[in-house]
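One structure follows; several queries about it will come next.
Going by the order they are written in, the chains are A, B, C and D; count residues from 1 in each one.
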Amino acid sequence: MTKTVDNEPVVRVRNISKRFGGNQAVDDVSFDVTKGEILGVIGPNGCGKSTLFNCLLGQYRPDNGSIELDGIDVSDWSPPRRAKHGLARTFQLLQIFETMSVRDNLKTAAQEHIGSAARRLFMRPDMGLDGEVDDLIERFRMAHLADELAGNLSYGQQKLLDTAMALVSKPAVAFLDEPAGGVNLTMLADVEQQIRDLNVHDGATMVIVEHNMEFIFALAHRIVVMAEGRVLMEGTPDEVRNDPRVVEVYLGGH
Amino acid sequence: MAESVNVPQSKAADGSDALDQPDFENRRDKIAIVDRGRLSPSLIALVSMLGAAVAVMPVGRAGFDGVIGLWFLSVLLLVGVNVAVPLDTRNGQMVRWISTATFVAFMMLFPIGKSGATMTDFGLFAIFGAVVVGMNLTQGFAGQVSLAPAAFLGIGSYTSVLLDMGEEVTVAGVTVDLPDLPFLATIPIAIVVCMLLSVLIGFPALRVRGPWLAFVTLAFSLLVFLVLNNEDGLTRGSRGIRVLRNDFEIFGIDMLPTHNFYYAGLFYLFFSLTVVWWIVRSPWGRALKAIRDNSGRASSLGVDVRNYTLLGFAVGSGLAGGAGALYARQVEYIEPRSYFVNQTIDFFLATVAGGLGTLAGPLIGGSLITLVADYLRFTGDWYRVWFGLFVMVMMVVAPEGLAGSFNRFRAWVQKRVDS
Amino acid sequence: MSSRILLRFLALFFTFGLVTTACSSDGGDDTDAAADTSSSAEGDSGDAEPPDDGTDTDGTDTDGTDTDGTDTDGGDEPDAECPHENDTVLLFGPYEANQPAGVNWRAGVEHGIRDVNESGGILGCQIDIEWQDTQADPDISKQVVAEGAELDPYTIMGTVFSGSTIVNMVEAQRAMIPQIVGSESPAITDRAENGDNDFIFRTSFGGDSGAPKLVQFMVEEGVEKVDLIYKNDEFGVGGAEAHREAFEAAGIAIGEEIVVQPEQIDLSAEVSQLAATDSDAVFVFFSEIETGAFHSEVAVQGFEKPLWGADPLTAGASIELATPGSADGARSHSGVVADAPLFEDWLAAHNELHPDITSVDHNNIKGYIGVYVVKEITERMGSFDRDAFPATLHCASITVEDEPGVLLDVSYDANGDVDRESFIVEVVDGVATVIATVPPLENLADRGC
Amino acid sequence: MEQFLQVTISGLATGAIFAISAVGFALLWQTAGAVNFAHGEFIMVPAVLILALGTQEPTVGIPDFIPLIGGANIGVALPSAGLPWGLLIGFALTIPIAIFLLGYLFKVSLVDRLLQPGGDDIPLVIATIGLGLFLREYVHEAWFATPQPFPSVFGNGFWRPGGVAISADDIGIIVACTIVIGALQFFIKRTYLGRQMEAAAQNAETARVLGIPVNRMVLLTFAINAVLVTIAGLLVSPAINARWDAGINLGLLAFTAAIIGGFNQVRGALYGGFLVGVIQNWSGAYLSTLYRDAGPLLLLILVILVRPQGLFGRAEERRI
């Protein structure tokens, strides 16, 4: 695995905490995301990974802590504003626009990042995105499905589309919540290949939450392990693999 | 709300995050998006509706003679062709354009030789149709219920009439001399005033998701009624204002006679349709559709849900305001009662019955509350009883409305033909 | 390939169908219109059939006398031929089928038509009427009158609701058809408001012509200062305005003025305000619903000032809605009162004809009188001349000697307003009782004649 | 001062009308997630039924349900013995009818079909607006178009202690309304059945796992609502008469009271109702009778904008 990672952090997460009633879902989490890397976040069920994502991307307002993008504090921004400035994401449960075509799904994901609101009203409907979107569809090998309604796709294809939607706008960092979740084995390799491809060729920076260990260990440059809302450890896949605490957490978690 | 039952909650006390909170349920609106914002074959459903209205016009209208029979036959054939030919093919494109052209031509040519009463009815159809088109943008495309279209209709009417009369008005002890503007100039002013007002009330109300806009607009429309009814110095209160269609001339054609005035309404209807069609096919429309499909996901992709929804609401209200300016001339007398909540309920039911999120749906709905209602007048108020029942049954059986049902029927037929 | 040809053919076909439809005119042929009329009259006014049948059979029964009548008339005016088919004259009646006022109006008009037809019709022509329901909705009433005008009726009889009349009278004016209405809003006959409408005529007082009479009576009763309470709609505001002027003219001071929302249910704040003033009397301008609540609340708070007001203050419906006994002592001015001894015979005949109508009121009488006004004016003109009708009726006086059917002497001013003898009514033991008769103003000269 | 007391007391009485109208609306919203825009009509229909079934002079009959069958006059006439027996008999007869029509049938035919977990609530809003129109126009066409007098169960008595007039009806409705809402609050919070009901409403899945018959609990909610609207019909109609169009205003005021008070609290409807009634009367007496309705409306808008959970609602339970 070639590691072409700059040391400059593009996203800086500091002391994020979030409490639901009596339950400390996320407890003082800090880490950096460096440009060009794939950062894996793992941990047993209920360790607060998705809550962390929701805090980072603005769906939840954290009790305290901050997130900086390129040195700008975006903690008070609304989710669309964060998205426009390069923080893209997917959700744990599949979230696509089922009644829109694959092509329209991708255009929707891309259009808000270019032009002004007025241009979006008065420009041609495709906003010059046709070529770009078609390229991506081609690369995801869905060209034959481009005009199909997204709801009619198979689950694996939908998952792939979901991931593609997070990446089509070329975000600074893409937060992917279980891109391999529920995808069958034949598609899995495909998903893995696409993600690596985007990372290597386009230099896309990604933070990936994943339960499929094999998948994440193969992809990630660095891995953050969470347990009970806290960061348990941080390191390369090899370090994580060999750390006894991780094993304990997983066994204890079950 | 119901959807919240199994959903993790935002704990933000002021709720400002809530609008952007994703739906973890894979949520699909019950109101299916069947039309996809294209000029659809459901136009034909409309054309046949109008055909029916023409054929069965009550008292003093044309009987069911040979010509009307021919018209019916044409409509039936048009419907048949629309059902049979797949839209995606080149023939399908042609069918679509023929259907649209037929509708436009019908609306343009229909008045020739028709009586004044018929055209009063069709004029009202054109104006109310435009209101329902706007309401459909708010409700069908932006996914928010506005219960203020009648209030905006009223604001539009009064704005336009007061500026047109150019009299002295007194509000809260302050006397202002209003300018005497030409009628045509007051229409855009009415639109802009309504849009500004709707932004003013919509911006805070759309902070959180839920039926809040419905409640706020309901309260707003009651307040508007109170102001219209009570500000005697401004609106002359419950006595109302007699409106004259006197300074309305386009290219030297006096628009005062009922026939000519119908064309003004029709033009405004086409204008509203064009605005909505343009928005729906533009990237804006895609964003609106994405919001309706899954607002949480849309917001995470950079779609500013609040702004888009607000703009959908504002444009819808603006269209109602412009329609109000024409409505005042159509009925030639304005009084606050015409803009009470029961008028809103009519618009609302028309929007739903016609078909949410479709382009032809509002036209069908508009014809239901004007043309068809006129035909059913012999039932007294019973038709309103059936209308209420019809809406309930429709929400249960076919929530996509008449236009949507037609599309579904068409899809069903084509599936059968294919296999 | 062939489908494209088919499509082109279809396109041509549609265009043909479209153009021919669009160019076909409607309502132009008399025969068509008449056929439509008769069929819709049968289909639509189901409950009106008995009287219709009655007139038909009466018509055939009394054929001989009829022709006699026309002969004598015809001697004077040989040209007078009936404007509509089958020797009839067609009227059009827009009315509120869902409101007692509208139903009563229709019953009154039908009663009048029956009586006129039995006595030979107008200039020998039997009256035929086409009814349409306006649902008490101004917009719909406008549409209904526009449609009705296309039947080319001789006159339009209705509507009763002021809010409707003020909207639909534009259509009658445009079609130049005289319109006889039961509405009482002052604005209807105000030439500044109604765009110089020559074709509108009342059958009873407008709020403004009734006012001076009542005020005169109040002066005689020694009232010096009065509080006004009225509801905020066409009826209340217009009425209050007319009475305010009358009070000022008569030198009665006006104390508190309180405006109430239509159909307001809680009047305690308003009543307590009224109780606190030093006026001698309270003048009330409410409809039945508010009046009922008002009587009840006054009884609870117990102030002793006499209540004066318009028709609804003493109307049967208001007394019914108020708590028992609370309406006693209230006095109002009424144009025509069904219970007046003068109308006893008329009332008996009316009840016989329309046994299903329990609350016969002034609207029935107004409808009845309206038909006879049309008859008398037409006979004065000697022909069914719609264009001359307004000029003839404006400033005309019709006495009971001229035409017994008008029940009371009546005179019209130049705007279509009426003046005649009227009544002061007081509620005694829960029943509205006439306590005085007020003579007409007889100042038509002041009102444009 | 006298006037202030007078205005405040009658404001409370009017407020009690709003409160008793609002409580059913709040209950359905809280426990079933159903926003019922036909709620005003739900109060009007039982009032009409009570009148039809129980007036001493059965002038109002059962309407022509189907024109072919024709009307039947089945009013119950009873001798009066100082108490409005006919009214109470009518009330008793109406309760089962209301539970079936406005509870069971409403739930089964509309709510169950239109309100799915995770679904949108707009279809139900639309359908209940249609239902409101249907009920209103049906009563209008089939029964009567004019307001019908409706006697008060508390009689027409009144007292004037210290110059302030208080009628028996005012006192009766304030007391009855407070008792009914208090009892409902007690039932939900303090009884086993009530807690089961609330649990079923808050998290259907968990409740099901815990063995609570969720469906039966939701049905119970609708039945309670039907009883509440019947009581409301009995209590409010003396003041506003039995009218086909009473539902429009009642519905609007019920929304206003429920939202201002906080719709996630049954108690909120009580406070909201009293608040709306008193504010209305105060603004009528001291500001302008023209804008007596504007006070509550402005308060409503303000509450929605600033504190959507209502003045007395609990923020932490707010559902978005």
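Observations, loosely collected:
The rule is simple: contacts are C-beta pairs under 8 Å (C-beta built on N, C-alpha and C of every residue); 3 or more make two chains touch, one makes a residue touch a chain.
Predicted, not measured: the structure shown is a model, and the values here were computed from it.
Using the contact threshold fixed earlier, the set of chains in contact with both chain A and chain C is B. The greatest centre-to-centre distance from chain D, using averaged C-alpha positions, is reached by A. More inter-chain C-beta contacts link the pair B-C than the other of B-C and C-D. Here the chain at the heart of the shown protein, by mean C-alpha position, is B. Centroids of chain B and chain C (each the mean of its C-alpha atoms) stand 36 Å apart.
Taking each chain's centre as the average of its CA atoms, chain C and chain D sit 38 Å apart.
Chain geometry summary: the mean Cα position of chain B and that of chain D are 32 Å apart. As a whole-number value, the distance joining the C-alpha centres of chain A and chain D reads 50 Å. Contact with two or more other chains is made by residues 10-11, 21, 23, 25-26, 230, 380-381 of chain B.
Residues of chain C in contact with at least two other chains: 98, 232.
Of all possible chain pairs, the ones that touch are A-B, B-C, B-D, C-D.
If you check the complex, the residues on chain D that touch chain C are 2-3, 6-7, 10-11, 13-14, 17, 140-141, 145-147, 149, 156, 158, 160, 165-167, 239-241, 243, 249, 277, 280-281, 284-285, 289-290, 292-293.
Touching chain B in their complex are the following residues of chain A: 20, 54, 57-61, 78-81, 83-84, 88-89, 91-100, 104, 107-109, 111-113, 117, 120-123, 125, 127, 165-166, 169. On chain C, the positions that touch chain D within their shared complex are 98-100, 232, 258-261, 263-266, 268-270, 272-273, 276, 288-289, 292-293, 296, 299-302, 317, 320-321, 323-324. The part of chain B that touches chain D in the complex is made up of residues 1-7, 9-11, 13, 15, 18, 21, 23, 25-27, 29-31, 139, 143, 145, 201, 204-205, 207-212, 214-216, 218-220, 222-223, 226, 230, 341-342, 345, 348-349, 352, 380-382, 384-385, 387-392, 395-396, 399.
Here chain D touches chain B in the complex through residues 32-35, 109-110, 113-127, 129-138, 140-141, 202-205, 248, 252, 255-256, 259, 290-291, 293-294, 297-298, 300-301, 304-305, 308, 315-316, 318-320, going by the rule given at the top.
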